[in-house]
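The two complexes that follow have subunit A in common; it is paired with subunit B in the first and with subunit C in the second.
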Partner chain A sequence: MSAQLKDVIIKPDAPSSLLLDKHADYIAAYGSKKDDYEYTLSEYLRMSGIYWGLTVMDLMDQLQRMNRQEIIDFIKACQHECGGISASIGHDPHLLYTLSAVQILCLYDSVDAIDVDKVVDYVKGLQQEDGSFAGDKWGEIDTRFSFCAVATLALLGKMDTINVGKAVEFVLSCMNFDGGFGCRPGSESHAGQIYCCTGFLSLTGQLHQLNADLLGWWLCERQLPSGGLNGRPEKLPDVCYSWWVLASLKIIGRIHWIDKDKLRRFILACQDEETGGFADRPGDMVDPFHTLFGVAGLSLLGDEQIKAVNPVLCMPEDVLQRVGLRPDLLS
Partner chain B sequence: MAESKEEVDVLVQRVVKDISSAFKRHPNIDEIGLIQCPEARYNRSPIVLVENKLGVESWCIKFLLPYVHNKLLLYRQRKHWLDREALVDITCTLLLLNPDFTTAWNVRKELLQCGALNPERDLYLSKLALTKFPKSPETWIHRRWVLQHILDQFSSVAQTTEQPVESEHPDAERTLLLSNHLNRLIHQEMKVCSDAACRYPSNYNAWSHRIWVLQHMAKGNIKVFHDELSSVHPWVSMHVSDHSGFHYRQFLLKELITELSRSSSSASTIFGSSQHWTSTVPSSSHLANGERSLAYSPSGERFATVLQLFYQETELCSDLIETFPGHETLWSHRRHVYYLWHQWTQDQHPCGDGRESELNLLGTNDPGDTRPTCAIHEGNVDRQRHVSVPMEVDGVSLPDCDSKRLRRGILLPNHLTLQNEHIFVNSILDSCCNPEQKNFALAYKKWLDTVISAQS
Partner chain C sequence: MHGRVKVKTTAQQEEEKRKEREKKLKIYVAARDACFSKRKDAVFDDEALQLTQQLLSSNPDFATLWNYRREILTHLETVKDEDEVQKIYEAELSFLESCLKVNPKSYGSWHHRGWVSARLPRPAWTRELSLCDRCLSLDDRNFHCWDYRRMVVKMSDVPVKQELEFTDRLIGSNFSNYSSWHYRSTLLPLLHPESAERPSQRGDPPHSPSPPCPQTHSHRVCEEQLLKEYELVQNAFFTDPNDQSAWFYYRWLLGRAEREEMISCVYVSREEERVAVAFSRPVNARSGVLLLVLDGQPQRVEWRSVHPHFKHSPVWICDLPPGTISDITNEHNLTVHWTEKHAHRDCALYTGRSESWCRDTATDLELFRSELSVEKTSVLQSELQSVNQLQELEPLNKWCLLTIILLMRALDPLGYEKETLAHFQTLKEVDSMRSAYYGDLCSKFMIENTILKMEYAEVRVFSISDRNLTTLCHLDQLLLVTHINLSSNQLRRLPPQFAMLQCLEVVEADNNSIENLEGVYHLPKLEEVSLKNNQISTPADLQPLASCPKLKRLDLRGNPVTQTANVESELAELLPSVTDLLL
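Then we have the complex of A and B:
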């Protein structure tokens, strides 16, 4: 008996060049043509949805096509008394959407539109005794939230308001024998969590705590014969995992360990030639989430039609320069 | 078919009511699903109950979801009042349709906190949501919150029993009730996780929830960890691509080894030290015999148990690799098991860390003599050399008396030498024609030569 390798086959007629105009049109139109039902289903993550759409537009140098004032007003309306920001109006605040909101405001150079001091208090208030961060007042702990906390504070220039040492200690307690990280101590290594943890260690200046060769090894093993990357062993390749693995490799200075040409071919094959946008895998339905990570991945691979992207924050490098933030990368 | 806003309102209110009365009349509903049905059938409710399965006809979803969604958001913005019963019904419908709507779970948390909702009801609702959405992160998060809420309640009950009271008897009874309740809860969680793992392969949220449950509800409880290791054995053998299932075994193995390697006093607690209420649990008298013998065994027995765990896991892994060639998951599992073994044997070396008593049992050799890497670096994998030292494991060997006893009663992990790992890999490489299997075997070999050698 033999196992069938979990991978996709890229058809010869799959897109092989970057369809930037199509993608910009797809994102610009997204949201205007959605019916009640679709909109309702995804409203719980609206703020992140806006961040994905705006970031990919900025990477394609098309940010001016989006409605800046409307978005800033929306974010203002999503800030709560506690300082935290929610995914949409009437939803509860959460660190995930607080970070997305701050990222959007950085793209627009308008951080002052919200009460920054209150955001900082909110983030600070979510740190636990063991250094971990809860996602919101209900107390769920996850290394993703550690990343959200330090990324938000780094963008606001307020990292010194939390106990960074303790925060680092907690993230390191989630490191596994394979060099990777999971959501909590003892949890399985997962490319998304690894991205959060390497990003966290970059922002806190602690990348030397990683076993970069071991982690790089695990990350490279995510590349499948199709060129695409998966997030864990024996999972299918996916454009979003391609970003998380690639960005982590970039952060730890090992991006040259994978076959870049094959990955580029895989990402390009995930475009929809008719509608624009990227899907998780060739032939699937496109969405803004995979569209951002497809374009950002191509940027990290050196595509010159796209602005340079920062691997830690998944934002255009020129925006971070304006903010004055230069996260560490290993060489 | 409803068209005007008024008609939609009437329709939706009726459906929400139908769902809530279905649960009242049939408390044993165990699965939810969508019935593909594009058109409404005249004068029939879209809620269908067959045996214990609750189905919703798909035509009504596009009316139902936006309605309950907006209603809850208006309530959240204090623009529309809903009483507690209406909130319970609306969030129930909403979450069965869209379980990642965090705010709806939060509304239920508030209802739970003020006593308007029983925590068991939310364990039930989230279990049902997971039958249709087995990955839903927000559902798992809510489940952990409810469990923590119950544990906190236990904790406050236990604290009141610690107060001096006239009779000790009711306390012991109450404590027993609590521990039975806890065992039931743990059992139920394991079942929910298993079901979700069957519904979606490599279900990260389900397996990491399972780990959370053990860490928070059964910390240090060797029996529960042992039972878990046995209970997932058949499951992983049937799901050889499920890396999360194998990672769970790695977690169990690591915890068991840590626990068994501790001093005997700390290894004997029934419940975790982090759950301070459990300190009131009277004794191990009501526990299964297996646990008692493990927990109170002398360190030699515990040591033998560790060896047996490694042996069995390696055997399982070898069998599966040979039977199901070309699975990355199995090779990754092998790395982890070998790594744990390597770490454990290194921990047994005397380093002045107060482990001398255990090391006497081991009869440690000079580790320098048998550094496994030397043999490998010389390219001299000589199995004969080790025949006369049956218990040698990476520079650690057992004294004769132990090895005889172990050979009689317990199987030994004598496969787990670096040399034997190389023999295993070479035999796979020699006999296998599956290219994936070859690649994984070569990668494992490289891993042994670099990662393990660097740490030896």
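Then we have the complex of A and C:
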């Protein structure tokens, strides 16, 4: 039995230059299809959807095309009595959307639009005895939520309200034989979780706890001959995983361990020349999620047509400068 | 959205689709609004279960609806008897099974299943375990299912041994299964921990896996089991030499235990009246962590890391109050206590001596090697033979080449240096996408070898020229080095870690591509710096040198900076202590 190498082939006629205008038009138009079936189906993650759209617009310096007031009003309407924020009106609050909402408000320099103290209480209340964070009151535990919690608090300048030591201890207990991290102690390493955990360790000033050489090796082995990166061994390449792997490598100071030119070619090939936007792989349907991670990935690779992106928070560096937040990176 | 191929459609098809979507949207919105309004009215009835079921079957990521179902179910618990509750939850589990069949990667469905299973009046963990078996037989990489399995195993005390046998079966049917190898790596240390006692004398092996602790996780499996694992992995990579899973696992097996946390060196200099302390791991020693006792008196000193860049550092320094140890006719005894670890190290500064140190010599030679018993060494020798055989069949297999390098390092890093370098060269060619990784790894190994040679020679000179170094590491090991020669490599910077070389007097780093000198920072003894033929481009790049009070000689020949106007006067102002400037 031989392991067939899973990868894609980039066609010679695939897009090879960055179609910024088309992407901006695609995102600007996306929010106007509110009566669309697919759009309605994704209501359960709307707040993150807005964060993806706005962040990519800001990275392309097109934020002014979005409806600022409408979005801020929407976020206000999504904050619940408990302080947490939901994906949309009528949905339940969750750490995932609380972080997205705070990120959006930072882009708009309007954090005061919501009750910040209540957000802090909400986040704090979700920390468990072992240091982990539940995503909401129903108790699902995941290192993603540890990241959401500290990222939210870091953006609000309130990190000291939780037990950081315990939180760090829990995340470290999820470290694996390959230097990576999974959802919970014992879970397999996965690029998305690794991004969350390296980001978490950056925000808590604990990057020295990583085995950066071992983790970096696992991460750079995610690059496939097509140039794209996968999220786990033996999986297909994907634009979003390319971001998570690339950002993690940047955080641990080893971004030069992959072939940047090849990755750039892969990301560019995932653009849709007709509609604008990026797909997960060349030839697939585009969406705002992959559009953000495509553009953010190109920014980390040094594309000067795009604003510099911060690898830990996936937000424009100029926004973080305004917030006064400078997450650690290994040199 | 993942894996949705874009299909070209005609206008007519498009119109039909649009109509269909419109219809679906109406149904969906009606059901959603009905759910929301029922919930608002705190209605917990069968109809609500029906409605949420209808929506969740096609959209299991709609988390709020799972929450609503849980509210309904917990309500029903309070009004029904145990048998009825059992039935209701059984029904919930079959609904979930149908959801998971359609969408086996939904976080919401798996979390809900765990929630239901834990609330079932009469739990059925065996059935849950066999559900995992079935699910993993369809997709042996589904990490949601693996995680659910781990929960089931924990809740029902499935013996670790049984789970290890499960991975045996999965790996036996398909070596290319990273998830199973991963699972093994968490189980083995529980079942066969490295221990002075033999596992058979330890009584019952531990049951459900407890969370691995990071400090002990790269740890170790008892030798007897290690040997069996080598054999298993060897079978895997001889069967499919290009499958990365087994190679990753093998590298873990070859790894060494983390170093114990300790003070590895204390250095004291009479002239600078300074103490430097090196640790085996980076620490934050800023406040109250370290206690310095001089001749029986605790000292009030301020500890700082060697460079403002580091909050955590393996090297920390402090200045003693002026005059405390400056008289060369006095003898002094220092002790540094690491209070929270209950560790300490003494150091005596004798009469007539200008400096002194005390360090852990026992670990010096084993720093970079595997911890090998004699038997294991012979096993690794035969491992090397078999991997070499594989390499003859597969001369360009990168996994094989890298593993040979690792085995050689485990066995005899200096003896195999030449072969190691040759293999790295091949690796960079056959896997060019990762050539920078191999370059950095090779640099690390060459630095380790040079440290070993320096230790054998008992000198304080670290010389590693013409070795294609792309990066510097292990600089905390060079605390006592007085002369460093890094010439003719490919270095681009002297990084902040370079400031750990607290005894440094002479730096030679000619013929590199150095453009950044950040780490040449507050080196109290530094006198000579030679940077011929590098990429220093502006006087500002030399700013860090201004913090080295004894710098006398600076050679910048062959750098772009020599071409700037007024360079001489600018440098004279920036570096007044330099008397011998070569441009």
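Observations, loosely collected:
The rule is short, and it goes like this: the second predicted complex is superposed on the first by the 325 of 331 C-alpha atoms of A that agree within 3 Å, B and C clash if a C-alpha of one lies under 4 Å from a C-alpha of the other, contacts with A are read in each partner's own complex, and residues count from 1 in each chain.
Assume a contact is a pair of C-beta atoms (placed from the backbone, for glycine too) under 8 Å apart; a residue touches a chain by one contact, two chains touch by 3 or more.
Keep in mind that what you see is a predicted model, and the values were worked out from it rather than measured.
After superposition onto subunit A, the modelled positions of subunit B and subunit C overlap sterically. Once chain A of one complex is fitted onto chain A of the other, the partner contacts of A:Lys6 are limited to subunit B, with no touch recorded for subunit C. Taking subunit A as the reference chain, the count of touched residues is higher for C when subunit B and subunit C are set side by side.
Judged by the touch definition given at the top, the superposed model places A:Asp92 against both subunit B and subunit C. Of the two partner chains, subunit C is the only one that A:Ile258 touches; subunit B does not reach it.
In the superposed model, A:Trp138 lies in contact with both subunit B and subunit C.
By the document's definition of touching, of the two partners only subunit C reaches A:Gln209; subunit B does not. Once the two complexes are laid over each other on the shared chain, residue contacts for A:Trp244 go to neither subunit B nor subunit C.
Legend: residue contacts after superposition of the two complexes on their common chain; A:Asp178 is shown touching both subunit B and subunit C.
Legend: residue contacts after superposition of the two complexes on their common chain; A:Gln223 is shown touching subunit C, with no touch to subunit B. Among the listed stretches 7-15, 25-33, 259-267 or 565-573 of subunit C, only 25-33 clashes with subunit B once the two complexes are superposed. Note: residues 1-3, 5, 35-37, 40-41, 43-45, 86, 90-92, 94, 138-140, 177-178, 182-188, 190, 217, 221, 232-235 of subunit A belong to the subunit B contact set and to the subunit C contact set alike, using the contact criterion stated above. Of all residues in subunit C, those touching subunit A in their complex are 1-6, 21-22, 24-25, 28-29, 36, 59, 61-64, 66-67, 70, 107, 111, 115, 141, 143, 146-147, 150, 174-176, 178-179, 182-183, 185-186, 209, 211-214, 217-218, 239-240, 242-245, 248-249, 252, 281-282, 309, 311-312, 432-434, 436-437, 440-441, 444, 495-496.
Note for the complex: subunit A touches subunit C at residues 1-3, 5, 35-38, 40-41, 43-45, 86, 90-92, 94, 136, 138-140, 172-173, 175-178, 182-190, 205-206, 208-209, 211, 213, 216-218, 220-221, 223, 225, 232-236, 238, 254, 256-259, 262, 272, 279-281, 283-285, 287, 289-290, 328, 331. Those residues of subunit A whose C-beta lies close enough to touch subunit B in the complex are 1-3, 5-6, 35-37, 40-41, 43-45, 86-87, 89-92, 94, 135, 138-140, 177-178, 182-188, 190, 214, 217, 221, 232-235. By the touch criterion stated above, subunit B contacts subunit A in their complex at residues 61-62, 65-66, 69-70, 73-74, 76-77, 98, 100-103, 106, 109, 138, 141, 144-145, 148, 202, 204, 207-208, 211-212, 215, 240-244, 247, 251, 254-255, 323-329, 332, 335-336, 339-340, 434, 436, 443, 447, 451.
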